[in-house]
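Some structures to go through are shown next.
Two complexes follow with subunit A in common, the first pairing it with subunit B and the second with subunit C.
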Partner chain A sequence: MRYDVTITPLPTMALFDLKGRAEALRDWAGAALPPFPDRPNSACGDGQGILMWLGPEHWILRADLDREQALEATLRPAEAPPDLSIVRVSDTLAFFRITGPEADAILAIACPLDLHPTRFGPDGASFTRAFGVSALVAQYTEGFDLAVARSYAPMLTRALAEAAG
Partner chain B sequence: MLLIPCPFCGPRDESEFICGGPVRPPRPDPAQTSDADWTDWLIQAPNPVGPVQEHWWHARGCGVWLTLWRDTRSHEIVAGASDDG
Partner chain C sequence: MTGKRLATGGRIDRNRPLRFTFDGRGYTGFAGDTLASALLANGVRTVARSFKYHRPRGVVTAGVEEPAALVELLGPDASGNRQATTVPLTEGLAARSVNCWPSPRFDLGAVVQLAARAIPAGFYYKTFKWPGWALYAPAIRRAAGLASAPDHPPQGVYETRHAHCDLLVAGAGPAGLMAALVAARAGLRVVLADEGVEAGGALLSRDLLIDGAPARDWVAAVVAELAAAPLVTHLQQASVWGYREHNYLMVTETAPDRPGLTARGWRVRAGHVITATGALERGIAFAENDRPGVMLAGSVQTYLHRNAVAPWRRAVVFTNNNSAYAAAADLAAAGIVVAAIIDSRDQVPEDARARVAGLPLRAGHVVTRVLGRAGLRGVCVASPDGAEARIDCDLLAVSGGWNPSVHLWSQARGTLRYDADLAAFLPDRAVENVTAAGAAAGALGLPDALASGAEVGARVAGLPAPAVPQASDLPYAITPLWQVAHPRGKAFVDLQNDVTVADVELALREGYADVELVKRYTTAGMGLDQGKTGNVTVIGTLAQAQGRAPGEVGTTTFRAPWTPVAFGAIAGQRDGPLALPWRETPVTRWNIDRGAMMYEAGARWRRPGYFPATPDEPMAEAIARECRAVRFGVGVYDGSPLAKFEIKGPDAAAFLDHLYTNRMSSLKPRRGRYGLMLTDDGLILDDGVCFRLDAARWLVSGSTGHAEALHRHLEYQRQTSRPGWRVFITPVTEQWANATICGPQARAVMQALGCDFDLSAQAFPFMQLREGHVAGLPARVLRVSFTGELSYEVNVAPRHLPALWQQVMGAGAPHGILPVGSEANHVLRVEKGFLSLAHEVDGTADPHDLGLGWVMAQAKPDHLGQRAVAIRRAGGGVRRELVGVIPEGDTPLPEGAPLTPGGQRVASEGFITACVRSVVQDRWLGLALLDNGHARHGETAHVRLQGGQVIPVRVAAPIHYDPEGERLRS
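Up next, the complex of A and B:
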């Protein structure tokens, strides 16, 4: 069966792994961070970046790669107080964008997430499992973004192509 | 397949989790207990026919450790005496 989807590898993005209390992160980073999401496993963006709430006191900030240096200068990972962890992880994840009317069918093959809008809404973002490996899934306006550790990118490329038919 | 209630993510598929084994009774003071009881505590994991309290790690999710009660006869998650682990 062939699904009506388009699978596009995305270019490297600026990613920062943030751990700590939201108030402490907000105090440290100031206006560099988008508003914090108000629900677990959701994302909030301000046009410059997207902040995904992926675990207790765990967020990932995602932005275009050309903002990486400016974000690093503002977030100052090496100088962060001991109750915060700020790590640049831009090189660790490979993103794929899955769009099209049957994008959710491909996600249903790839991962065990409940993709019903009541469980995984238009701002949904979560760690899960995709084709057997840990993955990050985020809603996109016309589909989903799926990210895995960069070393699994060739495997995921093949698996997505096979799933799409 | 279990649908495990993660306190952060809500119900999630078992394949996102790693089982951390049964919740053991509190560690006895080896100086105050018999050799037999101490050895039992060291090597005998709870393995009842019926509800058992287990640790589960949402390793491919939010990273939370949780405890739940699972009935070993039906493999269903059941209500237990306590979710503290």
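Up next, the complex of A and C:
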């Protein structure tokens, strides 16, 4: 390969789209949610899941798929009060993990966002673009997780492979 | 000196000879050569023929400014119109001259020179007017022009990437290196990009000292320090060619550090930009100044110092400034006889004289004419009293002064000012966050360039300017000379486009007084080199002719790209299958395995068009078979791409009433309604259905493939039109894939699948929604229909769709279920008169035009687009309205075909939006938008095809099937 990277498609994960005021969400979800990140475009995890702050009054909760039903039962999307929106979106995104010494090179090819460590810290998470389509990027210990709408997954698989050489 | 190479020196590797061919002959050069330097080293003087007059041309410069030495690369590197001065020599390189046959030395096309006096600028456009330019253009373009385009796409692998930095420095000459060093030491994130093979810029072309050591040593030390700086990205052979808004710069790297990678495009967002792009030498216009052997003096130095090339025996130097004195000294040091230094200035500064002590200097003289055709034999020199004398030489090194490279600066919309002392245009006021440094800012001597780079770099870093290394240089001084008049011979101001002083003067005589008009009339400054060596000479010539200062004449607009760049490095990896994104649904693999004809159907979705029963089955038969299955049995299609959104919030109901023309707030839970969304200007944006999930949650469904555009619209309205409202919009297009089971037997299939809710028409009627399980899978089922038949849109998580699909096919097998592609879907919706984006909803129609006035709820006080519709309609005028059309003679009608009154060749009165082969009527029928169409049912209209064929059509209501909707409600 042209670049020293490993690209791994990740299995479907439990994802919940959360909108509303943080305190209201915290009150409604209780311990089901990890601590809220303290600044936008960052993530916070508790070992059970990761909460990404992605926009004004907008978070995505990410957890292993085997927690999906339990989270659904706890978060009760259909019963949430009108000023909260909780929507299960587990199937909307396909995640790819890009790791290795040159993971940043692949992300530079894919994505216009400034992902330098001085700008995008170890807890960074943000919506962006990847190979011309909407994407979500999150810092991972040894690289990045990159997600696109699931329908684009075959295209992204090929684009990442060609970028890596 | 050995032959045409110096025995020592140069930045070439004499241990790495490289073989190459030029015009079919074999030659040898060295690693480190360009094609131009290798040709010079092999004694090749005529490299190409010129664009218009087929005049022999040789190498003039040593870089991207080269106007004349254009070649065509052959073989795997095939590309046309490459500047030989920018082509690195490689083993096996093959090239040939442009615009000549059979060879550049003997070119049959040169016969055009016999008529050269009769074909000045504008000749073709003024002469070949009748009956039209198009008649003559092909032959003229064949005779003129340069290389032809390669007959195959470029071979290679390209990449584009993004980069961000605090500071981008364009140019790694003394100022650029200094600025990058200061910024790097201050801890800034720096991108340093330079188009040379190695850093150093002009320092590599001259013998200069920095801190008492060769300047090249200083360059090496700086490069090493930058390489060790973790926040510095240093790119060589990387041209910064485009400066976009908000400091977004385009860089093409032609020798990236990865094996197998041909070129890499960088898109750099920079906090600040320093244009340290140096300066380019310009020529002087005098008779026959284009002959091979006439070169720019600074470029001669480059060939001596970088390539150790010295193919000349006897040189004349012609200048109006000090810089050529260094060139004369370097020529003499290389063992070349300097026959004379011709300086147009009466007074030559003493320090310049001292630099060439012992060499013959003729102050106040000018070169009037060049002697020789394909090879320079000598020059005519005029003394101040006008007496002409001949001096034999095989090289004329010319310097008409230096133009700071302000191209990037100007692309960034920075203004320029003319500096009379330097006789050059300099950066003035910046618009973007950009600063010029070094020669690009007018600091034309080495000490000033170093100081300028350090000062600007420090300023960007917010620090005081540091001390700079010690250096000395011959101070620059100039008395401008733009042209030398002579009664014989052409005096060129733009070699690439064969533009002469006479052409510029003709333009003025014909009234083209503005510099931009002169450019367009003469083509001076166009082409590959964009007039880098000639533009200011044109301006000076204009100024002289008009009695104005060059600053009053001004410059033409500087546009990207600064240098020619490969399309591949712009496209990067977006090539072949990745040229455009594509999307798949969870059953794409099933469709492909089933033999479906797959293609894009809306917003990049790769979907089945139709399913041939056998590989030989014609498309029309397959589509008809699928249509019949839906009309008379049952079919299933993959509706996953339908746009879907969950909308919630205390103000969601009001928000939906704002978006839709009709009222959605009155819906009861689990009920849905068809609706239209309009744009601000009252035209249809999208149509779809809206369901109420519960008291506060809604499901909005839009057109297939319209999800992203619709999402932008929803968010735009929420954030800008109703910013205070509490509304949450969540796209769920990808969360709910669907199998739409449709046809008279759809209920039977649903029952066979097993559902935990009542499927009867009474319990689950049209336009209702149920959440439960289908075939044991969690599902959200909508009773909507796009085919006009009983339909169940079974939505499940995409991970479950393949399983559901298999079960649907199994449950439907006893009923003859068929998968249905987008083609059959199109036929069915046209039969029913349902709308489709980009067909009937074409960006000009409002709801009334499409017969949907009923959906414009009059009781609602307001909705988006309501007022615009009312205003437009109050203005009267003819509207194009939706009608059905039935072609007489049962022939197909091309979609988009115009309807014209009586089929005459006059302005159209409408067009065909869709035409299909109906299975229920067994004939062709279609839909159209027709002027006043609603009032014209029963009339005959006429489709006019290309070529004049006319097809009469009967105008009818747009619903060709089940107008009461009984079947879809069944």
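Quick notes
In the analysis below, the second predicted complex is superposed on the first by the 164 of 165 C-alpha atoms of A that agree within 3 Å, B and C clash if a C-alpha of one lies under 4 Å from a C-alpha of the other, contacts with A are read in each partner's own complex, and residues count from 1 in each chain.
One rule holds in what follows: contacts are C-beta pairs under 8 Å (C-beta built on N, C-alpha and C of every residue); 3 or more make two chains touch, one makes a residue touch a chain.
As the structure is a prediction and not an experimental result, all values here were calculated from the model.
Applying the stated contact rule after C-alpha superposition, one finds that A:118 touches subunit C and leaves subunit B untouched. Applying the stated contact rule after C-alpha superposition, one finds that A:40 touches subunit B and leaves subunit C untouched.
Touch criterion met: A:82 reaches subunit C, while subunit B stays clear of it. Contacts of A:20 after superposition on the shared chain: subunit C is touched, whereas subunit B is not.
Touching more residues of subunit A than its counterpart among subunit B and subunit C is C. In the superposition on chain A, contact of A:109 is made with subunit C only, not with subunit B. Contacts of A:134 after superposition: both subunit B and subunit C are touched. In the superposed model, A:54 makes contact with subunit B only, not with subunit C.
By the touch criterion stated above, A:150 is placed in contact with subunit C alone, subunit B being left untouched. Comparing which residues of subunit A touch subunit B with which touch subunit C, the overlap comprises 112-114, 119, 134. By the touch criterion given at the top, residues 2-3, 12, 17, 19-20, 57, 78, 82-83, 85, 87-93, 105, 108-109, 111-114, 116, 118-119, 131-134, 149-155, 158-159, 162-163, 165 of subunit A touch subunit C in their complex.
Listing the residues of subunit A that touch subunit B in their complex gives 40-41, 54-56, 58, 112-114, 119, 126-129, 134-135.
In the complex of the two chains, the subunit C residues touching subunit A come out as 157, 159-164, 189, 258-261, 267, 269, 572-574, 577-578, 581-585, 588, 605, 640-641, 646, 648-650, 652, 693-697, 708, 726, 728, 730-735, 737, 797-799. Those residues of subunit B whose C-beta lies close enough to touch subunit A in the complex are 8-13, 15-16, 59-64.
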